[in-house]
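Each of the two complexes below includes chain A, the first together with chain B, the second together with chain C.
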Partner chain A sequence: MKAIIAATIIGVIMMFASILSNNKSGIVSLATVLFFFLFGINIWEVYESINATGVAAPAYLNNMMSLDSFAIWFSMLMSGCALLYILLLGKEIAKVGKHVGEYFALIAFIMVGIYLLAGYSNMLMLFIGIEILSIPQYILAGSDKRNLKSTEASLKYFLMGSFSTGILLMGIAMLYGATGSFDIINFRMLQTDALNPLALSGILFLIIGLGFKVSAAPMHMWTPDVYDGSPTPFTAFMSTIVKAGVFVAFLRLFHASFGNLTNHWMMIVAVITATTLFIGNITAVFQQSVKRMLAYSSIAQAGFMLFAILSVNATAWQGIVIYAVAYSVATIGMFAVLIKLKDYTYDGFNGLAKKEPALAFFTTIFLMSLAGIPLTGGFMAKYFVLLAAVQQGQVMWLVIFALIMAAVSVYYYFKVIIAMYFKTGEAELNHEVTGYDKLMLGITCLLVILIGLMPQLLLNL
Partner chain B sequence: MGVLMRRNAIIIFMCVELMLNAVNLLMVAFSKMFNDPSSQIFVFFIMVVAAAEVAVGLAIIVMMYRKVHSVDINILNRLKH
Partner chain C sequence: MMLTLLLLIPLIAGILSFFLKGEGVKILALLSTLATLVLSGFVSYEILVAGLSGTNNTLDFSMPWIPQLGTEFSLHADGMSAMLCLLTGIVMPVIIIANWNKEVERPWSFYGLMLLSQAGITGVFLAYDALLFYAFWELALIPVYFLCSQWGGEKRIAVTFKFFVYTFVGSLMMLAALIYLSTLNPGANSYSWANITHAGASLAPETQSWVFWMIFIAFAIKLPIFPFHTWQPDTYEQSPTPVTIILSALMVKMGMFAVLRWLFPMVPQGVAFWSNTVIILSIIGIVYASFLAIVQTDLKRLIAYSSIAHMGLMCAAAFSNTQMGMHGLMVQMFNHGINITGMWLIVSMVENRYGTRDMTKLGGMATAAPQMAIALAIISFANIALPLTNGFIGEFMLFNGIFQSASAYNIVFMAVAGLGIILGAVYTLNMVQKTAFGNTTPMLISKDMTTNESLAMALIVVLVIFLGVYPKPLLELTQSVAQMMVP
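The block that comes next holds the complex of A and B.
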């Protein structure tokens, strides 16, 4: 709860800072300090929750929030990712437009949404969390006002996003009609036999509504356009931390309340997973622009994260945590490299290894993590979510399919590596890579490898 | 499902609002059925959030109109290659 309050206050401070000051670099440093502070508060909360073992999870706001140790731990990790994001891309955010402070304010408000989604226990909080998370994103997507593509991305995202919110709300209303309660614990009363058609259609609507937000396959149409059109620093945020937050909400809802109804929704989610993996990976192969390829790859990675929802067991919870962090760190690093380049196509990477060997090396590590090569975080993440699915045992065909798709993904990630190392050309950079950039990218790289070697560090639940 | 049919951004937007109003009505009806006021509170929240969404959405549509002097979403296809 402290983190939620702190993030809100940070958002307000950033808004005032942007009114009072025009000094861009000053605002960036202020934001960095405040996000450090936020991360510190999260750690404090984790520390408190560890000391309070045996006590029931504290409930807030009339039992609408239950911040159990998982919620607090996950919030802490997401704050860490957000801090890393600001350290890596803070200067680039300042270049997007004039109103720098407001971008950081919106990012802080999105963090509030993520904390709510990590610990909700009432559908009202789910709805509010999703909206707090989405509405700032519509603005961030359109924040580059000079660029028509950014405006288009924003409008498209807004229309699709509010449409999916409507569907989500319909699902909530139907479940309320079936159970007479908004509390996710009470949904457990739904009986497997004699399931109310109202509840069934409610669950279906919820899958569609949440699927929109995590860009699962039949509902993924907005993703490539929005991620491609938005300013690159905000794409990095939207495709990683935000997506992970919505996934945890998805997981919490389907494991805590519909865990005993699996035979009703298992098949639907399995088909969605298969299509997501297929469309994401196969379409990514044909992309010319690396940014668009990363957008499709984020759909593909969402397919892997859906495995955690399919397999209703404890490993799935561990898997989603590792996946969220490993994927976020690697993708943020990848975007931080991408933003330094003038040309976002594969050809733009030609000869980068000669010009900036360090940058090329870091990119290689990030891409290997995304592809799931052992010793990187991505491997452990994929291992854990697939392990959860194997333990659950009903969707073995899907696991095999996912492994094939992971092999396909190696092709398009390694195309970038081949362009960097084996093709001749002049990779043009926007500006010189400073020592600070290299240091931060190096730390990100170390994190990726650390997750790959010691994933249990993230599982300190 | 006007959202899927119409081509004018503002009309799509109005259709989305209609969807939200449908949910509101459903909530209130269930509230009466269960004699439970909590969903009426939910309706207030939906209205507040919808208002926030309108503010952002109309701003985005105005921004779009200033650029291309049209609110037709067919021009959005420019992002596709």
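The block that comes next holds the complex of A and C.
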């Protein structure tokens, strides 16, 4: 709860900071310090929850929030990723437009949404969390106001987003009709044999609504345009940390509440997973722009995260945590490199290895992690979610399909490596790569490898 | 501890190389490979002596890695792994010595990647935990991918990418099977060799028969056996010669080794069910690759196809399930690695001097560079398994094994596989004739072997003849493993 309050206060401070000062780099430094502070508070909370073993998870807001150790741990990890994001891309955020303070304020509010989604125990909180998380994103997507693509992205995102929120709300209402409660604990009483049709359609609507938010196919249509059109620093945020937050909400609801109804929804999710993997990977192959490729790749990665949803077991929880962090770290790193380049097409990467060997090396590690090569975080992430699915049984076909799709993904990730190392050309940079950039990217890179070597560090369960 | 050092020396030296500039890299690479040679020789010697005195002749090392996944960092060396580590230990310094005078662009990254690939390959030979094995299996591939793509021939990018994707798909299938097997045996050590082979071997025969293919595809692509071989001639042709040596002398052995160490104990009934199929595929590969080798004019492609034929024979013997075949196979893994290294060294010398690998444009090497011609002749004899060369003892045992196999078609198998020897003589001798004799082609640099080349070549030739005359150390090193695999 401390983190939620702190993030809100940080958001407010950042809003006022921009009134008081016009110094962009000052605001960035302030935000960095505040996010450090936020991370510290999260660690404090984790520390408290470790000491309080045996005590029931504290409930807040009339039992609408239940901050169990998983919620606190996950919030801490996401704050860590957000801090890394600010450290890597803070200066780039300041370049997007005039209202630098507001951007950081919106990011802080999104963090509030993520914390709510990690620990909700009531559908009302789920809904509020999703809204707190979505509305700042609509603004961030359109923050580059002079750019038509950014405005288009914002509008598209807003329309599609509100549409999906409507569907989500509908699902919640139907479940309320079936059970007379918003509390997710009470959904557990739904019985497989005498399932209320209202509840069943409610579950279906929830799958569609949440599927929209995590860009699962066929509800993914908005993703490429929005991710491509938004200013790059915000794409990095939206496609990683935010998405991971929604996934945890998805997981919590479907495992805690509908875990015994798997025979009703598992096949639906399995088909959605297969479609997502297929569309994400195959379409990514044909992209010319690396930014757009990363948008499709984020759909493809969502396909892997969906494995955690459909395997109702403890490994799935571990899997989603590792996946969320490994994928976020590597993708944020990748975007931090991308933003330094003038040309976002594959050709823009030509000859980068000669010009900036360190940068090219880091990019290679990030891409290998995304492709799932062993000893990088991405491998362990894929490993855990697939292990969860194998333990669940019944979906071995999907596991094999996913592995074939992982092989396809090597094609488009390695195209960047091929461009950097094996093609000749002059990769043009926006500005010099400073020692600070290299240091931060190096740390990110080490994190990717560390997760690959010791994924257990991310697990407290 | 020695096993860990075997891994760590190339790994650390490889990483260090990236930070060095100039000549220092070469020296570092040479020193570290010589260190691994000494170390692997020592490991093999210890295992050999322990085996002769009848005590426990394996070395083990293990420490916890990711207990949540049931995997640990565990290394294990028996006669077979020690022998292959020794092969790695011999081949790597030979490569570096032979290329001592050759300029490469960006030597720090070239030698760094070579050493990293050595670390990966050694890891594959030593890993005793399936997930660790998988990690090394992939890691060996990545440096080689970068090596081929940066220093290779004209079509290198497309060719090596095909190679990479091909092998990657195979390994992913293996990963799925490994995950599946590990879930059957939950606990702290579900990936350890003992547990995972137990889990696999207690599966129902029908399950084993499909798990077999999921695992075997990865190895079959690496070997490569027909029809999974299509990446191989192109990749060998396009890679720079040092990398071709790594690919054909060492990485191919990874596939064979993995079949023996992991596949056979893991799905014994699956192996029994499919062994005739695999033998038939291997034998088709022998004949098909031999015929293709006959019509090649490019030296590299010729040797590539000849290598497919040899690997086919080894694979057929592996699946014959006889102790003799198994024992011969282990010896032959070593010998093939030595022979093909010699072969590639000569090809690279020829290419340096004549500026071409096209056999129709070569000739008269025996008068212009007699030392090279003699070396070529010796290695070629070993390649066609003439007695008193190391190739003979291995192939003899392989054929013996196929002949003894319990399969109803053992005689047919042996007869058709024997065709490979005859065809092998045809293309190998034809190659010797065309390059060493005939019209003299002018050399670009008219020079016989330089000192460093002679040194590398001498090492290979001595091994070829020594192991041909006195193969006993090699046989004794691997005997207990062969006895364990086929009692």
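Keep this in mind: the second predicted complex is superposed on the first by the 461 of 461 C-alpha atoms of A that agree within 3 Å, B and C clash if a C-alpha of one lies under 4 Å from a C-alpha of the other, contacts with A are read in each partner's own complex, and residues count from 1 in each chain.
Following the convention adopted for this analysis, a residue touches a chain if its C-beta (ideal position, glycine included) is under 8 Å from a C-beta of that chain, and two chains touch if they have at least 3 such contacts.
Only a predicted model underlies this, so the values are computations on that prediction, with no experimental measurement involved.
In the three-chain model built by superposing on chain A, chain B and chain C fit together without any clash.
In the superposition on chain A, A:Ile139 makes contact with chain B only, while chain C stays out of contact range.
When the two complexes are overlaid on their common chain A, residue A:Ile400 makes contact with chain C while staying clear of chain B.
Legend: residue contacts after superposition of the two complexes on their common chain; A:Tyr383 is shown touching chain C, with no touch to chain B.
With both structures placed on the common chain, the touch criterion links A:Tyr421 to chain C but leaves chain B unconnected.
In the superposition on chain A, contact of A:Gly177 is made with chain B only, not with chain C. With both structures placed on the common chain, the touch criterion links A:Met454 to chain C but leaves chain B unconnected.
In the superposition on chain A, no contact is made by A:Pro218 with either chain B or chain C. In the superposition on chain A, contact of A:Ala153 is made with chain B only, not with chain C.
Measured by the number of chain A residues touched, the leading partner among chain B and chain C is B.
No C-alpha atom of chain B lies closer than 27 Å to one of chain C in the superposed arrangement. Across the two superposed structures, the residue set of chain A contacted by chain B and also by chain C is empty. Residue ranges on chain B touching chain A, taken from their complex, read 3, 9, 12-13, 16, 19-20, 22-23, 26-27, 30, 33-34, 36, 38-39, 41-42, 45-46, 49, 52-53, 56-57, 60-61, 63-64, 67-68, 73, 75-76, 78-81.
Remark: chain A residues 318, 368, 373-375, 383, 386-387, 390-391, 396, 399-400, 403-404, 406-407, 410-411, 414, 418, 421-423, 454-456, 459 touch chain C in the complex.
On the side of chain C, the complex with chain A involves touching residues 66-69, 134-135, 138-139, 142, 146, 149-150, 156-157, 161, 164-165, 168-169, 172-173, 175-176, 179-180, 182-183. Against chain B, in their complex, chain A makes its touches with residues 123-124, 127-128, 131, 135, 138-139, 142, 145, 148-149, 151-156, 158-159, 162-163, 165-167, 169-170, 172-174, 176-177, 180-182, 225, 228-229, 288.
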